[in-house]
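By letter and in written order, the chains are A, B, C, D and E; residue numbering begins at 1 in each of them.
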Amino acid sequence: MLDLDFSFYNWAMISDFVLKGFYFSLVLTLIATLGGIVLGTLLALMRLSEKPFLVWPALVYVNGMRSIPLVMVILWFFLLVPLIIGQPIGAEISAVVTFIAFEAAYFSEIIRAGIQSIPRGQVMAGEALGMTYAQNMRLVVLPQAFRNMLPVMLTQTIILFQDTSLVYAIGAYDMLKGFETAGKLFGRPVEAYLLAAVVYFVICYSLSRLVRRLHQKIAIIR
Amino acid sequence: DTLAKIKASGSVTEGVRESSGLSYTLGNGQYTGFHYDVCANIIEDIKKQLNLPNLQVKYQPVTSQNRIPLVKNGTVDLECGSTTNTEARQRDVAFAVTTYVEEVRVLVKANSGINGLEDLAGKTIATTTGTTSVQTLRKHKRAEGVNFKEIFGKDHADSFLLLEGGRADAFVMDGSILAANVAKSKEPAAYKILDEVLSVEPIAIMLRKDDPAFKKLVDDSIKEQISNGTLAKLWDKWFLQPIPPAGVTIGLPLSAATQAAWDDPNDKPMEAYSVQE
Amino acid sequence: MIELKQVSKWYGAVQVLNDCSAQIHKGEVVVVCGPSGSGKSTLIKTINALEPIQQGEIWVDSIPLHDPKTNLPKLRSRVGMVFQHFELFPHLSVTENLTLAQVKVLGRSLDEAKKHGLEYLERVGLIAHKDKFPGQLSGGQQQRVAIARALSMDPIVMLFDEPTSALDPEMVGEVLDVMVSLAKEGMTMVVVTHEMGFARKVSNRVIFMDVGGRILEDCSRDEFFGNPDARQPRTREFLDKILHH
Amino acid sequence: MNWDWEIFFQDPGGQHTTYLEWLMSAWGWTLSVSLLALLLALLMGFMIGTLRTLPKHPGWVLFGTGWTELFRNIPLLLQIFLWYHVIPALVPPLKELSGFVLVVLALGFFTSARISEQVYSGIRALPKGQFYAAQALGMTTWQSYRYVILPRAGRIILPPLVNEMMSIVKNSSVAFAVSVSELTLFALQVQEETARGVEVYLAVTGLYVVSALAINLLMGQIERRVQIPGLVLPGATGGGH
Amino acid sequence: MIELKQVSKWYGAVQVLNDCSAQIHKGEVVVVCGPSGSGKSTLIKTINALEPIQQGEIWVDSIPLHDPKTNLPKLRSRVGMVFQHFELFPHLSVTENLTLAQVKVLGRSLDEAKKHGLEYLERVGLIAHKDKFPGQLSGGQQQRVAIARALSMDPIVMLFDEPTSALDPEMVGEVLDVMVSLAKEGMTMVVVTHEMGFARKVSNRVIFMDVGGRILEDCSRDEFFGNPDARQPRTREFLDKILHH
């Protein structure tokens, strides 16, 4: 049996080690989700346009990004970009930029599926009312696509929240790293990981419940 | 060069580790440790020499994978983690004079009946991914012809857990790391470190290559700290007294090898050291 | 008002409109019928420039649609269109459906757009439902809202693409009633439909298309229904099938 | 940058004669872990996802939902740790399982949760009439799923499934945490031994990309092969007049 | 052959079948009509035990459907059903659609099943299409394949749920023709439809349902069409709407 010793967890320790990491995970998830959705929407629109000079770059970008392990993207960006621009960049900024760039590839596929699930008739109806392409996308297609895709986007966001731990590669500090470091310094890794598992589960599960409820609220009445 | 860069930007970036024996975090963006203190003294000397009383110190946490590229690409000026000075690395970076000599040793359970390297035959040996300790064991002549299974922990705490949980019979690693893990464990008396030393490795502060002025400043600062007894006091503080955050005592007396390095400050790589048996 | 001159259109290698010419004058009600896949929907969509054409010319209100310089969104805003599957915007309330394009395309103020839109909603007898969402309405009600939405843009012509064929039999009447009253007020209308009762009652002309996208017949209502012997064999066969079972 | 690719021909000492040979063996481990875990994940994912759509068996639905939530809401690295260090302490027989088996289980179950979610929504996306039609022909629930529902749902969810398959290759890197000598462990270890981090990481990144793209291409072929003639799949292009 | 005794059914709190009783004898053709949402589809599905009922009893060929011990798959294999949206299996070819259930449910050999299935395909005039996939057929053709699929199970009764209402007007005739010939051969049939021409021509009885799931009328064809004054006001109103526009 395990003999567990959680005595080293006290408020001072949690606020020193875990909270800062939690805050970082949260902010990174938020920024990367929003940025990824914006950039991903752009990529999706490029892929759906019929112009090859827009389709191909988007296609290559999306498939390339999805093939490389995220941790490698993070590492390469952090190590190589300073050599190119001749000036160091902070780990936080690297993390934000790479996560947005990476998530955009995934979100673009989700959004593309969402846009394609809108019946062609809806697009035509918007056009027939005299809307421009941009108006039609903004007012008719995307609002419906986002509503339909909300659950899938949520799953992606949960994965993203869990993946923030990969920033360890560039010495940034997320929640998992917080637990891990505390566990090491106090010689109690098992306890630290157990608690981390519980905390992650509670956060991710609540998040998915919350979004499920939200989805029911804003779901399109059919 | 580095000094000009420090002067121009008014800041110096120090590379630190999240959890290594010589440099670790206290959470909240604060760092501490033996090497951290040495570097703090060095930075005081930089302030004096450049006449920059308000020099800002930035901390960049590094890992064993990215520390060298980060020094090379200019992100980190002064790496104060725990990096072994090797010939291969000297092609990419420079090292200050050795501040600490590490001995690679073997940790076993006290009741395991293992008393020397020859008892390791047929056993499972844990080490940490991304370290060269097992390579050393493989090449060690007293262990030659002794077959053992290797198992990798993803970090030192994980490797120690392999030993604690019975998945491994021994843990091969730097002596200070072994001592620290035993000290922090639930039952320190249950472990013992074998007498044999597998290899000795000079640990030093890492700098950018080809910057003699900066290296001289750092070297001089360290030599000064040796001669005025600061380093000896820091040893006492970090290895013989209770340390934060948990207040355990590592209990590692100053080794002869480290004393020798202090007596004759140098930046020789690991290859120039040989194991005294 | 609307003029098609030798219009042809292909999807890849398949020709879906073949040398179609027709004229529709102000105040006329024209019914388009023909078998499935004959290009009726495509024809009506080209009048709104929703589908590009590869050959020929289309003029709407003296504006050339085939000219790349024409501002299509602007032109479309003056042509009202009603689809088989209604195509209301399901994420918007009925009132929002009515006002969205008025505000964003015509630049009307929200108040003005609301006032205007609700007038038409009243006309189609649905003012009580103004705050519902499309999904909460029956098919017949949705189609009437779609008509009100098109009308509130003050179009110069209304295009209908099988507006009743997705409806429950009981609800067909509601929508046809609205269309009949529009026709009687002098609205120019092009209607793709198989409701021959409607064609008999209000249309001025009937256009019959056959597979391959060719216009086989284009004649007055009385000629179409009253003189079957003068019709093409294919037309007679089609009428037989849909009128008797 | 000064490159030094020679290092791949050096002798690491130990069981491999060159680093290149070690790299190839590491790639083999990465592929073995990925493919076995994928097999397990597909099996479990389809089973659990299907269970969740059986309205007449609330017990199974609860089990399926619980499984999905449990395994997808805890980071993979943590799950591996629990499988390796915590669970064997509670269930001693598991101590005998090697790290390889444990990581296949952990990665397989983690991915199965995500696949189950897709299978679930794929089945729910089918028109209810298809269930009725199968049952009206006298098929049992099992037969309806086997011959009608799952073949159709499988095709619908193929694109996101490819995402998962590509991810599993990349996620297999966590196996280094339990001492499986795969690409990530190779990278971590060898960049230390040779001090040529950039070359080592480039080689390893390259192999990951090749593996993931191979799956992508293979699945593209399969997708074309199982395409249903004449049927526009939901998501391909919206239908309507 | 089929007997419903005071059947009631609820979805949650909403009652969709209200105390429905009816008897259908061997060889009878019964048409069910009524407004949308009145429970026609639900009623016909309960006869196949596709929807469970909460009250009442249903007997098919003297087997009690409401009895939990009844082997429902076995019973369903003897009742043929044709749906509004055809519900062919799009991933299987026409031949595979015809043979799947014969082989897996009835345990026939593949050869036997093929021979049997293709006979019925021939009957509905589609033998030339046997290797196509459903998506490659027109709606009318798909519906005829669906009928052949149901027939090849050799059912004792056929249930049709609005089999023509998703079809193009021109294709309705093809499907109705097949149904008429089936009726003439003495097949027992229950048909939900609004095709009053079909009802007039071949049905023995007409059942009219109203919203709320109540059976308002259950009388012979001649009584239903020939004696409007004896009908309920709601029935007359409905017939008015669907017969005149």
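Throughout what follows, contacts are C-beta pairs under 8 Å (C-beta built on N, C-alpha and C of every residue); 3 or more make two chains touch, one makes a residue touch a chain.
Fair warning: this is a prediction, and the values are worked out from it, not measured in the lab.
Participant: Name, by label, each chain that touches both members of the pair subunit B and subunit D.
Facilitator: A
Participant: Report which interface contains more C-beta contacts, comparing A-D against A-C.
Facilitator: The comparison resolves to A-D.
Participant: Measuring centre to centre with C-alpha atoms, which chain is farthest from subunit D?
Facilitator: Most distant chain from subunit D: C.
Participant: Starting from the Cα centroid of subunit E, hunt down the chain whose centroid lies farthest away.
Facilitator: With centres defined by C-alpha atoms, farthest from subunit E sits B.
Participant: Distance between subunit A and subunit E based on Cα centroids, please, to the nearest Å.
Facilitator: Going by mean C-alpha positions, subunit A sits 50 Å from subunit E.
Participant: In angstrom, rounded to a whole number, how far apart do the mean CA points of subunit C and subunit E lie?
Facilitator: Each chain's C-alpha centroid was found; their separation is 35 Å.
Participant: Please report how many Å separate the Cα centroid of subunit B from that of subunit E, as a whole number.
Facilitator: Distance between chain centres, rounded to whole Å: 82 Å.
Participant: If you look at subunit B, which of its residues touch at least two other chains?
Facilitator: Those would be 65-66, 69, 158, 161.
Participant: Which subunit C residues touch at least two other chains?
Facilitator: 83, 85
Participant: Can you list the subunit A residues in contact with two or more other chains?
Facilitator: Answer for subunit A, listing residues that touch two or more other chains: 75, 79, 83, 119, 121-122, 189-190.
Participant: Mind pulling up the subunit A residues that touch subunit C in the complex?
Facilitator: Contact set of subunit A toward subunit C: 119, 121-122, 124-132, 135, 139-140, 143-144, 147, 220-222.
Participant: Which of the residues in subunit D come into contact with subunit A in the complex?
Facilitator: Against subunit A, the touching part of subunit D is residues 1, 69-70, 72-79, 81-82, 85-86, 89-90, 114, 117, 121, 159-160, 163, 166, 170, 173, 198, 201, 204-205, 208-209, 212-213, 216, 234-241.
Participant: Please name which positions on subunit A make contact with subunit B in the complex.
Facilitator: 3, 5, 8, 13, 15-17, 20, 75, 78-79, 82-83, 86-89, 91, 168-173, 177-178, 180-187, 189-190
Participant: Provide the residue numbers of subunit D that touch subunit E in the complex, in ascending order.
Facilitator: Listed in rising order, the residues of subunit D that touch subunit E are 127, 129-130, 132-140, 143, 147-148, 151-152, 155, 226, 228-232.
Participant: Show me the residue ranges of subunit A that touch subunit D in the complex, using the header's touch definition.
Facilitator: It comes out as residues 1-2, 63-64, 66-72, 75-76, 79, 83, 106, 109, 113, 116-123, 151-152, 155, 158, 162, 165, 176, 189-190, 193-194, 196-197, 200-201, 204-205, 208.
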